[in-house]
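The following blocks contain the structures, represented as structure tokens.
First subunit A sits with subunit B, and in the next complex the same chain sits with subunit C.
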Partner chain A sequence: MVKVYSFEACPWCNKVKKYLDSKGVEYEVHDVELNAEDAAACEKLTGDTAVPVLTVDDKNYILGFDKAKIDALLGL
Partner chain B sequence: MAKKIVHKDIVIIGAGMAGLTAALYAGRMNLDTLVLESGLIGGQIANAVSIENYPGFESVSGGELIGILQRQAEKFGAVIDEFDTIEKVSLKSTPKIVETEEHIYECDVVIIASGMNRRKLPLPEEKTFAGRGVHYCEMCDGHMYQNKVIAVMGGGNAALDAANFLTKYAEKIYIIHRSQFRADEVTQQRVKKNPKIEIMLQTEIKKLNGKGRLQSVDILDKNSGKLQNIAVDGIFVNIGVEPNTQLFKDELKLSDSGRIIAGEDCCTEIEGVFAAGDVREKKIRQLTTAAADGTTAALLAEKYLSKLKG
Partner chain C sequence: MGIYDFTVKTNKGVEKNLGDYKGKVLLIVNTASKCGFTPQFKELQELYKTYKDRGLEILGFPCNQFAGQEPGSNDEVQTFCRANYGVTFQIFEKGDVRGETAQPLFKYLTEQKKFEGFDENHPIAAKLVEALKQNFPEYLEGDGIKWNFTKFLVDKEGNVVARFEPTTNPASIAKDIEALL
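The block that comes next holds the complex of A and B.
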């Protein structure tokens, strides 16, 4: 399952989610502002809490909106 | 996969205030209108926390204002694509060509409203610490600095608004600015009254320090010539903007500052190519003037199209 670490008011997070929606990709939203566990998981994954972070396996991740990298990771 | 060739009356490059206003007007004139945006819809105001100088709104966030405008433009038929990045343009050909990753758009009119990008911090360590203590979007990254000490660089309205916004997270904020504030008086008073903010005018960051992530900055006091080291967890850079005109530098005349040269009618030296908003060389660059440019460009584009189609 694709996970997106993000928060509501973050414009680049919303762009990542809109892109996944446009491609019909299902994903889980993990809100780093509302949920301390999600923030900790994001920090464990990337070493920081900068978002958006997209991951499929909790190992490889993409920080920020990078369409080419998202396409490559998800095989779009 | 071959790119799809599509014809449009108007392609608008950029979905900020100028581009979306042009799209609204073009849509209302039943013109087949496409808006291409590779960054955030809203451009520079996408991250604005509060806008207080746009007529008709006492206070509105950039996201809210641009959301209304986007809905208005789409309601009248404009299509906005924020995921298909432009690779090159050919403005002198007939028809004009805007080639993206996935399409070749042939069109009669191009309205360039590509706006400005935030200027990067001109220090060699910037690349090392980008996203690891050096940030350009307070709304995106501010949450990382709960109860931390941060610095905001810059002296304009955007920088001071950023500092005020960041006090919602940070314990202490330094505003570092190389000269005197350029922000309006209301905004200056707001930061001066904020107990979490310490203002350091006539200062400049000379070096970023840290292992893995930013831990401190070396600051030059321009009056005394002394360097001091200040511990900070992050800095938000707001030291101005530069025009987004890379795509057009071989096609259009640019000013010394890199903006497109076009008159108040937004017409460039190429017929059917208009420049609107902050990307156009002009004296005043405000949201209201961007909206005015978008209006002018769309209305004159329609006249040009009518003449073209007889």
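The block that comes next holds the complex of A and C.
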């Protein structure tokens, strides 16, 4: 399952979600402001506190809104 | 009317009278989830950690009035944001800070300390002015808040002694804070 670490007032997070919606990709939203465990997991994955972070396998991830990288990771 | 006459709400919805902060040095800031342009949460948190035991309180007022207006092309702008988690100073309820709908506290602060220009040597200054010209030309007029992370320094007696624009990094305010502690 595709995971998107994000928070509500983050415009780049919303762009990632909208892009996935437009491609018909299902994903789980992990809100790093509302959920401390998600925040910790995201920081552990990336070593940073920035979002959006998109991951499929909890190892490889994409930070930020980058269509080309998202397409490559998800094989779109 | 002084700073201690204002009552505001914390982000948990609890009413807080600013009179509770008598005897503290205050740094009052309009904050925003940071998306590349004005990344100042981290430095504010560092100031807070350094000076809170000596009587500094930082009061953060989240505001979305400048949201979604990140300047520059996508190539220049980081396409990510940082949430405000990790910040231990007090964050208040989200609200407006400029114009007719501004919270009374910010009307008061901007009356006490007028806009005296940006620090043009700051790396974001030129981009900020350009973004304002494009998106909110009227914001460049008058004394209202220009952008996220405008900082007001209040002494232990409640006098608003200084205003720092987004083009002043929190770390460089340390000496001004020390002088008041």
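Brief remarks follow.
Everything that follows uses one rule, which is that the second predicted complex is superposed on the first by the 76 of 76 C-alpha atoms of A that agree within 3 Å, B and C clash if a C-alpha of one lies under 4 Å from a C-alpha of the other, contacts with A are read in each partner's own complex, and residues count from 1 in each chain.
We take it that a residue touches a chain if its C-beta (ideal position, glycine included) is under 8 Å from a C-beta of that chain, and two chains touch if they have at least 3 such contacts.
Quick caveat: nothing in here was measured; it's all calculated off a predicted structure.
In the superposed model, A:Cys10 makes contact with both subunit B and subunit C. In the superposition on chain A, A:Ala50 makes contact with both subunit B and subunit C. Using the contact criterion defined above for the overlaid structures, shared-chain residue A:Asp66 touches subunit C, although it does not reach subunit B. After overlaying the two complexes on the shared chain, residue contacts for A:Ser22 are found with subunit B alone; subunit C is out of touch. Common to the subunit B and subunit C contact sets on subunit A are residues 7, 9-13, 15, 32-33, 49-51, 63-64.
By the touch criterion given at the top, residues 40, 42, 46-47, 63, 82-83, 85, 131-132, 137, 139-141, 143-144, 212-213 of subunit B touch subunit A in their complex.
Only residues 7, 9-13, 15, 32-33, 36, 39, 49-52, 63-66 of subunit A touch subunit C when the two sit together in their complex. By the touch criterion stated above, subunit C contacts subunit A in their complex at residues 33, 35, 64, 67-68, 70, 78-86.
Subunit A makes touch with subunit B in their complex at residues 7, 9-13, 15, 18-19, 22, 32-33, 47-51, 63-64, 67.
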